[in-house]
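Naming follows writing order (A, B and C), and every chain is counted from residue 1.
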Amino acid sequence: MSSSESVESETPAIQVVGVSRSFGEVRALDDVHLDVRRGEVLAVLGENGAGKTTLMRILGGLDEPSEGQMLKDGVPYRARSPHEAVSSGISMVHQHFALVPTMRAAEIILLFRADRERRCSRDEAAEQLAALADELGFDVDLDLPVGEQSVGAQQRLELLRALDSDPDVLLLDEPTAVLTDEEATAMLEVVRRLAHEQHRAVILITHRLREVIAVADRVAVLRAGRVVSAESAVGERTPESLAAEMVGADVPTISRHERSPGDVVFSMKDVTAAKLQNASLDVRAGEVVGIAGVDGNGQVGLELAIAGLLSPSAGRISLDGGDLVDLHPRERIEAGIAYLPSDRYARALVGAMRCDENLLLGRTPWRIRGASTVMVDRMTHWAVKGSAHHRADSLSGGNAQKLVAAREFSDNTRMVLACQPTRGLDPGAAQRLRQELIDFAERGGAVMWISADLDELLDTADRLLVAFDGRLIGPFERPFDRSEIGLAMGGGA
Amino acid sequence: MSFLSAHVRNAVPTVLAIFAALVIGGVLIVWAGDNPLTVYRMIISESMFETSGWRDTFTRSSPLILIGLGLGVGFRASVWNIGAEGQLVAGAVAAIAVLGVVEPPAVIAIAMGLVLGAIGGALWAAIAAVLVTRYEVNDVIATLLLAFTAVPLLNWVAREPLKDPESFLPQTRVIGSAELPDLPWIETHIGILFAVVAVIVMAWIMRATRFGFVVRAHGANRTAVYANESRRSFVTFGILLVGGGFAGMAGYVVLAGEQLRVSGGTATGFGFTAIIVAILGRNSPIGIFFSAIGLSALLVGAEAAQRQTGLPVTLMQSVQSLIVVCVIAGNAIAERRGRLTKVIVS
Amino acid sequence: MILAQSEIVTVAFWTAVLASGVRLSVSVGTAAIGEMITERAGVLNLGLEGTMIIGAFTAFATAFETGSVWVGLGAGALAGAVVGLLFALLVVYLRVDQVVAGLSVTLFGLAITSFLNTEIYGDSPIPPRVPTPSTFNVPLLEDIPLIGEPLFQQNRVAYFAAAVIVVIALFLRSSYSTIVLDAVGEAPESADAAGHGVSFTRLVATAFGSAMAGLGGAVLVVGQLGFFNSNVTAGRGWVALALVIFGRWKPGLIVAGAVLFGTLDALQFRFQTLDSAIPFEFFIALPFIVTLVALAAGSRGVRGPSALGTPFRRSTETN
């Protein structure tokens, strides 16, 4: 269906004219021109760090442009807060959900109705919500506090919240990031209907080519803050050409050699911790074991149990035959587990302390003598860009992760526990980190790689397990069958 | 910007704030019917330019420094020990329980006194530590309610089990050979010497040991510490014990330096004043040293002023807290306006 | 006057204890309800004890000068609100550390009220008094054994405070403001995205909570004791903080806790004259010990509002 023909004549719902945004010396957006019409889905495609989120935040009222302007229905538009954006008819689905975990859906809807006229009783709001959900074909739980529901359910409620104000324009920031393949398909179908049937304008921010092809009418590619290709109709593009534009200059492909793994280095049997239940797996020397799955399926329990931060309620964990359960952090380090946590700023680094002091965390002798030459050498080896004397939170995401790696990898490292290691890194840095992890395996080390990025694992893992609902499904061996794995991620195995 | 000039620039809002608090104090003095300049001049001269004033200032500041050091460690790590008063009492009681009865030679007795005081205070803090780490009770409430419990306990101890059989008053025996002698020339007991040594030791600990590193890191990001360095409960437990130990030692110093007996009057409020000392001293050993002396001077002077003009000491105590409020407000305003150089957590 | 052990089991004894208990619970309960509101908005106010005593002194001085208990109460609440506003300015707008600021307020309050009291009313061991309000007896209901006297023979100020608490609890149940209040304390970013002023809500909640604390102090001094001294609140502000945790930030449980504490307080006071081998100092310490035990039993896994104690900064603002 060629919807673009039917909407040609209207003034675009949103026009972005020459918008730039600088943060100090960093130019996050550079002279961006875009427009979106009612009744169509515009995908804004780009990698992390390309500027998509900055653009979204500006449109949604969380930020303002340094230069340029925006027009809504031909009239200059400037929102100083999300609330102002909503009043102008622009509603945003936040990547991290603008919900209140302890409240029920109806109360959250009421919270967002700051303008008096639409306020009503909690029961009435619940009814309206149920009706809206019905219209879209959604299942919603209105009784359980939102925080206790699954991530997919929260995503649906977040969408309903955004739709409550009946917006002309809907901004969706990576809406399927936390969904299984099945849930994602359903969500994208709803997105399409919102545009084509309900005649809204939808801007969809994503880095997934599949989504773009599946649901968008037109696509604009963003790279390093600039629009690389403007709004071609999706039908005229191939995934390869889009990927090339998205990623830009040649990012080296990963070089991976087939290896025959050695003895079992790490072993888990019937471990239950937090959401994880009865999980068992082995990692052998020279092997990369990938744990795929969207967030919230037990990966955090897995990570914390192995790192010694959470006591499993059942099961055995061992490294080189030695018991690994309930370790003191220093014991974990001594045993030779290099831990790259999923939230590195919370768990791995003390932002307010110097970089070289961060290298000491967990490794200080009783008397500190300052970062040894060994540590400083490692910083050089990992190419951490930044002075050793500066605060750790002054480093970019990629360099921060490299700092953590510089600290964690040592000569006696037996296994790397890498949790979402490339999240938030720009493509070049991410690729280099992936190569380092593979090289470590090729030298005989064991790697456990937890990642929500299935493509990454398909490229690097020797064996794959899927985390779903607390269980580990698999293992899947090479050659990987993507649809089989995708099915497991959605629960149907 | 050099290290020193950054610190000097950062001190400007603090100095202005102290001045502002003193001005407000001056207004209150006027309301009370006195001349603020006269009163302030009296405070300064009495506390710093009279030998008796000096002596009292130093005597007063030794326990404050000791307690302040322990609290400073805690506050740095965001562990809030508000019950130092109770730990001080426990330390004093522990010391007198043994040293009121046995009389070893002076040097040994004093060493014993310090150790007993530290143990007593640490044990009392350990109760709070268990409540906080195992039972997840809020640290402010746990330490404080234990301090409130310690005071009636103190009264009972002085009234019954440890009471001096030769006295009519509810007080214990005199501490014998463990009494602290005076320094030569100045008539202050050697408690101030202990305090100075403690400051130096603590400064070294904070800068050059793993413990100090953990404390600094814990205050900035405790999650990272728990993931890499130490168990959660360990850090809190250890820090509370250190705080209690120092407060307990201060209890011994108070006992053996001035009061010589334990009675209801042993709980003079040092534990609470030390909170102000630690806050104003920015939780650093050197800062605590100077703020303790400054605050002691203020109070000693205020007491002298009370004797001479009838102006209640509580006015200057109010000014103390006012200084804290103004200093934290002043620093926050300066930070907002970008006037503060971001100093690295050290 | 010794309390014989045999008296403890009589109904008369317990009725009297409960009556005292309810009377003693009013001031703590009022302050605790106020702090509950402040904390649900995400602000931790450790200045509660200081605010209570400032309210107490203001109420006393006003009642003394004007002769009216009710004007005194109003003045006490007002004084509390002013303290709350200043505290809110510090911690909400200037983002000062809430623990440090709160402790300073308490230390200041204790010292300044002592100073003002000495300056204005002197230092004599027999402090000046204000007349306390008369009792209001509910006919018939007051004759119910055991609970009749405690609930239906209290003085007017107690009924007033209880009424205020009930009104607040009912209001919280069904009001739109509660949604905003709780959102600000749990997920301030969401409340901000919804267009509600996080800082303003916290300011109002803190000022209101402090007003209640001031009222609690006023009730204690003007509605109950009739005099003021420099330690008249005797740690009640801290107990109120503990009650908020114990009551899981819900009014019903907090009130129940307050009554429990008040009863304990009444009991320990009587037990001091009990003829037994237990030293009377133990009874003085008892309420604090029991509070600690109750918290130990009930604090496991209890999390208050997620944003409690954390200043809010919109993510667009750089540091």
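Just so it is clear, a contact is a pair of C-beta atoms (placed from the backbone, for glycine too) under 8 Å apart; a residue touches a chain by one contact, two chains touch by 3 or more.
Model, not experiment: these values are computed from the prediction.
By the document's definition of touch, common neighbours of subunit B and subunit C comprise A. The two chains most heavily joined by C-beta contacts are B-C. The distance from the centre of subunit B to the centre of subunit C, each centre being the mean of the chain's C-alpha atoms, comes to 29 Å. Inter-chain centre distance (subunit A to subunit C, centres taken as mean C-alpha positions): 46 Å. Counting partners per residue, subunit C has no residue that reaches two or more other chains. Of all residues in subunit A, only 307, 309, 328-330, 333, 339, 341, 346-354, 357, 360-362, 364-368, 391 touch subunit B in the complex they form.
Within the complex formed with subunit C, the subunit B residues making contact are 28, 32, 80, 82, 131, 135-138, 140-142, 144-146, 148-149, 152-153, 155-156, 159-160, 272, 275-276, 279, 312, 314-315, 317-318, 320-322, 324-325, 328-329, 332-333, 336. For subunit A in complex with subunit C, the touching residues are 23, 57, 62-63, 81-84, 86, 94, 98-103, 107-108, 110-112, 114, 119, 121. Of all residues in subunit C, those touching subunit B in their complex are 46, 90, 94-97, 99-101, 103-105, 107-108, 111-112, 114-115, 118-119, 230, 235, 238, 241-242, 245, 279, 281-282, 284-285, 288-289, 291-292, 295-297, 299-302.
Residues of subunit B touching subunit A in their complex: 207-210, 212-213, 216-217, 220-221, 223-231, 342, 344-345.
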